[in-house]
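Here's the structure we're looking at; comments come further down.
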Amino acid sequence: MAIQSILFFGYLGDLLGRSRDFDVSDDPVTVRDMRRLLASAGDDVAAAVLNPCVRACVDGMIVRDDAPVRRGQEIAFIPPLSGG
Amino acid sequence: MAIQSILFFGYLGDLLGRSRDFDVSDDPVTVRDMRRLLASAGDDVAAAVLNPCVRACVDGMIVRDDAPVRRGQEIAFIPPLSGG
Amino acid sequence: MGCTVRLSPGPLAPDAELRDFLQIVAGKGAIVNFVGVARPVSQAGLPLTGLYLDHYPGLTERTLAGIAASACALFPVEDVVIAHRCGLVEPEQPIVFVGAAAMHRRAAFLAADYLMDRLKTDAGFWKREDDASGSHWIEPTGHDRQDRERWSQPHAGN
Amino acid sequence: MGCTVRLSPGPLAPDAELRDFLQIVAGKGAIVNFVGVARPVSQAGLPLTGLYLDHYPGLTERTLAGIAASACALFPVEDVVIAHRCGLVEPEQPIVFVGAAAMHRRAAFLAADYLMDRLKTDAGFWKREDDASGSHWIEPTGHDRQDRERWSQPHAGN
């Protein structure tokens, strides 16, 4: 059992809070695993983290779903960029 | 017999002075007449005012050689524009 | 050659940005700048009360730096600057200042044009318009995406 | 919609010009500016000691106003400004400031680009470069004339 803080930006920040702590019982190995673990936290979270348009970031870099995730890394989910 | 001041710009101003008075014995009727009258004032003036690349201005407007000229109007000769 | 990128939640003063950029680029003949201002009307056609630019510290700066670096790689420019606001911007206030300096003006125009087309689609922001009907998160327009596409052809924009 | 043209023998302050222009154009989303600076080297490749812009009062202003009016006629811009120096300009000092404001940035970029190409060939100045070898009256370069030609085709510059 571990607490993982997840950051959300754009409309996801309005919906789920800009930073939210989750109980993550298993160690996720990839971003895909992380999405599945978080999806059990509620319908709103599931809709966000399972949406393929929502990209994952690990330590501030946008990554693919097969990217590895280690405990202690900063995880964020971001909607498509609006541009400047 | 009348005195006509002629303005010169760009390299013509260096060569002939920025403003120079000429005796103009006949009344010129067109810009072409004016060029011919001025040409008798010296080789340097002739080379300038007979050069087809040198445009004439009447009252600050660039005009064609068949444009009319009346006594009292401001006459200028200008080399090709350099742009800004 | 220099690329400068600045992200700030405070007000943006385009005249001060231009003064600073002109000092950096002393001796280069051609400087093109762009200033983008928050429009007074929302996409829904209502008076805009505010424009919020959400950003992810670190990631957002990297997207700006990447866009500036691409401009320097693609065009014969000497210096490039991007100064961008984040946070809440009031209508008619400047959001972005872009500068490109080159020996020849064609390169400076192309680089500034490219920088803006990239920024409008690829800069790491999430924008929310606030108007009388509420708050609306917005995405790049189809027009923005088309402008962006111009640069995917070699020598596009000429 | 406004066209502003200013010709002055005094120093040109691009930051002040930009500040003034932004006040005029309040609420338009896209502003493109160009600043042209006297290069430090003459066409002969020697250090430039001075650049002299001879002008014909009245005629010169009319050429600038005509170029500004053409830009407003050709592109969907709201405001255009041309501020130009005449007389003696020192190396690395600004000669010209151009601004174009529009609701959409494409029009502002095209108008500013057009204004500069026209100014470089059609503005009513005679330019003299002073360097160690003497003083030389110069004409637009072949490059300037080519740039100018881009706009004689319909929809050129896209």
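As written, the chains take the letters A, B, C and D, and residue 1 is the first residue of each chain.
Methods note: a contact is a pair of C-beta atoms (placed from the backbone, for glycine too) under 8 Å apart; a residue touches a chain by one contact, two chains touch by 3 or more.
Protein names from UniProt, one per chain: A, B = Molybdopterin synthase sulfur carrier subunit; C, D = Molybdopterin synthase catalytic subunit.
Quick caveat: nothing in here was measured; it's all calculated off a predicted structure.
Enquirer: Where the contacts of subunit B and subunit C overlap, which chains show up?
Expert: D
Enquirer: Averaging each chain's C-alpha atoms to get its centre, pick out the one most distant from subunit A.
Expert: For subunit A, the chain whose C-alpha mean is farthest off is B.
Enquirer: For subunit B and subunit D, let me know how many angstrom lie between their CA-based centres, rounded off.
Expert: Averaging C-alpha atoms per chain gives centres 28 Å apart.
Enquirer: At what distance in angstrom does the C-alpha mean of subunit B lie from that of subunit A?
Expert: The computed centroid separation for subunit A versus subunit B comes out at 79 Å.
Enquirer: From the C-alpha centre of subunit C to that of subunit D, how far is it in Å?
Expert: Here the centre of subunit D sits 23 Å away from the centre of subunit C.
Enquirer: Multi-chain contacts only, two chains or more: what residues does subunit D have there?
Expert: Expected reply: 36, 120.
Enquirer: Which parts of subunit A, given as residue numbers and ranges, touch two or more other chains?
Expert: In subunit A, no residue touches two or more other chains.
Enquirer: Got a list of which chains touch which?
Expert: Pairs satisfying the touch definition: A-C, B-D, C-D.
Enquirer: Could you please specify the touching residues of subunit B with respect to subunit D in the complex?
Expert: Within the complex, subunit B contacts subunit D at residues 7, 9-11, 13-14, 57, 60-62, 76, 78-84.
Enquirer: Per the contact definition, I'd like the list of subunit C residues that touch subunit D in the complex.
Expert: So the residues of subunit C touching subunit D come out as 14-16, 18-19, 22, 26-40, 91-92, 94, 103-106, 108-109, 112-113, 116, 143, 147.
Enquirer: Residues of subunit D touching subunit B in their complex?
Expert: Per the touch definition, subunit D meets subunit B at residues 36, 53-59, 62-64, 84, 95-96, 119-128, 135, 137-140, 144.
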